[in-house]
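Notes to accompany the following structure.
Think of it as A, B, C and D in the order they're written, each chain with its own count starting at 1.
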């Protein structure tokens, strides 16, 4: 049974499902239309200039998705393309930037300044812990990160907006005294709430037809983002027989059962890097800024250069 | 500078230190005498019949360590040998047993029944989360595990004992309403306190002279136990040049900086298993029970059979 | 009708309780046989997980413990305890898990004791302890429990409540803060017990061929409803063939 | 005395602040040069970590971002964000970390803004955001901050407090629940600033050759103590040789 057959509405989001079948390969168009409705709560993997799921992002843009609620820690090109293309209504994020190239995430910045998107700020570790809490099925994780700062004090979404939306926790975060006294040399913690995205998009090096996925090199928070989500779309450089990946199960971070769609998408992270397959493309990333300044309305012009859909 | 030079007393335990040097190889006698004083709070890696750090355990017994406070999730032979040899005063544990062989952990059971050791019970996941909290430097982790059970209600160490011992948290655990309402479909959580062992003993397949360590196959909670500890002793099947391990850093779970001593100890998990090196020894484990019944006072007789120290 | 022993009958009875598409949390021993047999009987898309970190094991040889390296064979992913229990606590995956547990004592609400007989502070008998049982029983939507049917094991009140069943009745789990459901079946060497959908109390669902409802009751400290009891359908030749030729040809768990 | 540019001077000034045996948390750019140079100057047993998961990187080529695969080269262990920040929050390892940060605004207590200019709800200018900076500034025992010395950047009050410095003074961090210490130095294109051990307020520690204490002050909205200021010792020939020939021979970060 395909996971899609079990989809039903849940508080306005998509109900979590699980799929133990062994054949989940589909094309990108099908995967995105099935699992990413308008208004979905979405998270995307990767970090700044590395392993952003760009093929899937461009497909979201082609399908003119709107009203997305985006969760990101430090995401660069993927976030900027989605925001710049008008797909995103709200975003919870720690950092928008690509590194030394187009470090300003210009379309994200512009959208925030013009209030075209609502933004709420966290730190990288807070976002990581929030995905981890979602993956672990607990409502929050404790940390000392950002105590005393405006990250704690200033909320991006109002209390009223939170309370009227069952897909948002009622509090941005909660500061609490340590109930174990000063255990772990900690007097106070901030509890950051779990994120449960409707869908997480990842680009990985290798995936099996059953959804088993292998990331090579830095994993960032991809594993936590996938395990936190109700649905997972994995795009991959190499589509493999599951048995090949299963012969070394300790190298696979993503078990097949949490994956809904596997898409073969060579160069699917381009223009960001995919370790052992290709580096980021500095020329593309350098061109992005002036091209956007000249032709802000044409986000689809660029991706054609690489994977030509 | 060797970590030992920086040892100083801290609330009766050993102060946490960190060692960035690149040469940490020593023999087992030296490692155990330096880093495991009587009364130390100790955790040992492995799970039931797999990768118990037996060589290090037998060295603790030879050095007649006493008053140890032991932390374990599901540990078999290592726990039973330490308890049976009178090294242990208190133990926090989820499960004592080896699997189908000597499943009763007979010396542990006898010691608890005769009150020769004080025991406090948790579940496997609670113990894992407690090590994880220690590794993450937070005072607790939340879970729904064991709500409504005697694991929550019955404490092994009294409130008075806890409050008079700065090395124990004042509470065994704390049940708390979810401060985020019913977020994550959770009304209530139990907070389990971080464990910060003075020392963790691990047996791994491969370690570098700088402390970098690689576990092959199941990692159990070894990584969390190591990162939670003030000191780490790693015994290994193969001692390697750090550069060899560093050429594939994604396969190494333990960064060298958290390790204090690396000991080359082939067959160091025997009679438990070490994946890709040897299986558990069913004959030894079957013999253990009747031999103990006949000669309970001779724990050192058995290990000689394997690594002959 | 073919001959069979109690372990074979228990393994088949449990295997029949596993639904297609479920995740089976396995302990050591007969629960592994049941999980492996289920994949060949009625649940080809069920998968097997172990608390030690192996997700979707293929189990070529029978592991002797959940810590046995053999649990890794052909898994989809292989890590450690933290990931494995997180998968059970996570509501997307956790609600599809059926946990197979065992214990030293059980009460009528399916609460389990695997810790002590006697007072916790002064135990008469100490057992191994919870292990992952309390976690599984807390997180997943249903559990199947293997027991030896003895009067001292089916008790009015467990000496120590290690793993939550239905606690004190229908609202017990919700009041305690547990989200999943409780036990769905107990499989012993004499019978299969169910739990009433309203009262959450144990009842006799089926007694093994060769025994009677009253004989089952004689092995329990508390009484249960017998009105729904039927004789268990014995293992079929096909089920026994799977168990004996595919699952455990060396009879490591099935015994002699 | 050899010629050098401002970046070279800043890199050397920061490298000198790194102690042997410390863990250096690196961002992108000049902080990487400083960390790499320190290993060759005075801190051979210092190590480099990245928030993206590389622990004890050897950095053969200069990465262009902390997400660049090049950060993994020769690392002792390589995982992801969760492990990397846990290492900083853990008090055994965290207290040995020196974090190198940058920001758009800084106040006299070393509090940093990398989020917005103007009101948070109606920003005049939006920046990239905290990234890992708020985490590092919260966890570790000391930080070194790179800044461009401009009046709009050294401000009386940051528009948004992204990363905690000393907050409102000596007791600020403790009151907020933070355990580590705050910033120990600011290195700009004009000067090195310290923080007073009692008041935790910024003071001028050293001004770059070619500038004056007053000229530094002219580039700040708030005033600082100048009484301890000395002229910074310029980079030695040996330091420049390390920077130019070993650390960044292609001048990717050092520039033309």
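In the analysis below, contacts are C-beta pairs under 8 Å (C-beta built on N, C-alpha and C of every residue); 3 or more make two chains touch, one makes a residue touch a chain.
What you see is a predicted model; the values in this text were computed from it and never measured.
S.K.: Which contact partners do chain A and chain D have in common?
M.R.: In this structure, the chains that contact chain D and also chain A are B.
S.K.: Please compute the C-alpha centroid of chain B, do the same for chain D, then give the distance between them in whole Å.
M.R.: 38
S.K.: Using mean C-alpha positions as chain centres, tell me how far chain C is from chain D in Å, no decimals.
M.R.: Computed from C-alpha means, the inter-chain centre distance equals 57 Å.
S.K.: What whole-Å value do you get for the distance between chain B and chain C if each is reduced to the mean of its CA atoms?
M.R.: 29
S.K.: Quick check: what residues of chain A touch more than one other chain, meaning two or more?
M.R.: Residues 134, 136-138, 143-144, 184, 186, 189, 217, 250 of chain A each touch two or more of the other chains.
S.K.: For chain C, what residues touch not just one other chain but two or more?
M.R.: Chain C, residues with two or more chain partners: 54, 72, 78-79, 89, 91, 139.
S.K.: Going by the touch rule stated at the top, which chains touch which?
M.R.: After working through each pair, the chains in contact turn out to be A-B, A-C, A-D, B-C, B-D.
S.K.: Contact residues on chain D for chain A in the complex?
M.R.: Going by the criterion above, the answer is residues 28-29, 51-54, 64-69, 71-72, 78-82, 85, 89, 91, 115, 120-135, 138-139, 160-164, 167, 172-173, 175-179.
S.K.: Which residues of chain B touch chain D once you look at their complex with the stated criterion?
M.R.: Within the complex, chain B contacts chain D at residues 1, 16-18, 20-22, 134-138, 208, 210-212, 227, 230, 242-243, 245-247, 249-250, 252-258.
S.K.: Residue numbers of chain A touching chain D in their complex, please.
M.R.: 46-50, 73-74, 76, 93-101, 103-105, 108-109, 112-113, 115, 119, 121-126, 128-129, 132, 143-151, 154, 156, 175, 184-189, 217-224, 273, 275, 279-280, 282
S.K.: Inside the complex, what are the residues of chain B that reach chain A?
M.R.: 133-134, 136-144, 169-171, 174, 176, 178-181, 183-184, 186, 189, 191, 193-194, 196, 216-217, 250
S.K.: Quick one: in the complex, what on chain C touches chain A?
M.R.: 21, 23, 45-47, 54-56, 58, 72, 74-79, 86-87, 89-94, 96, 139
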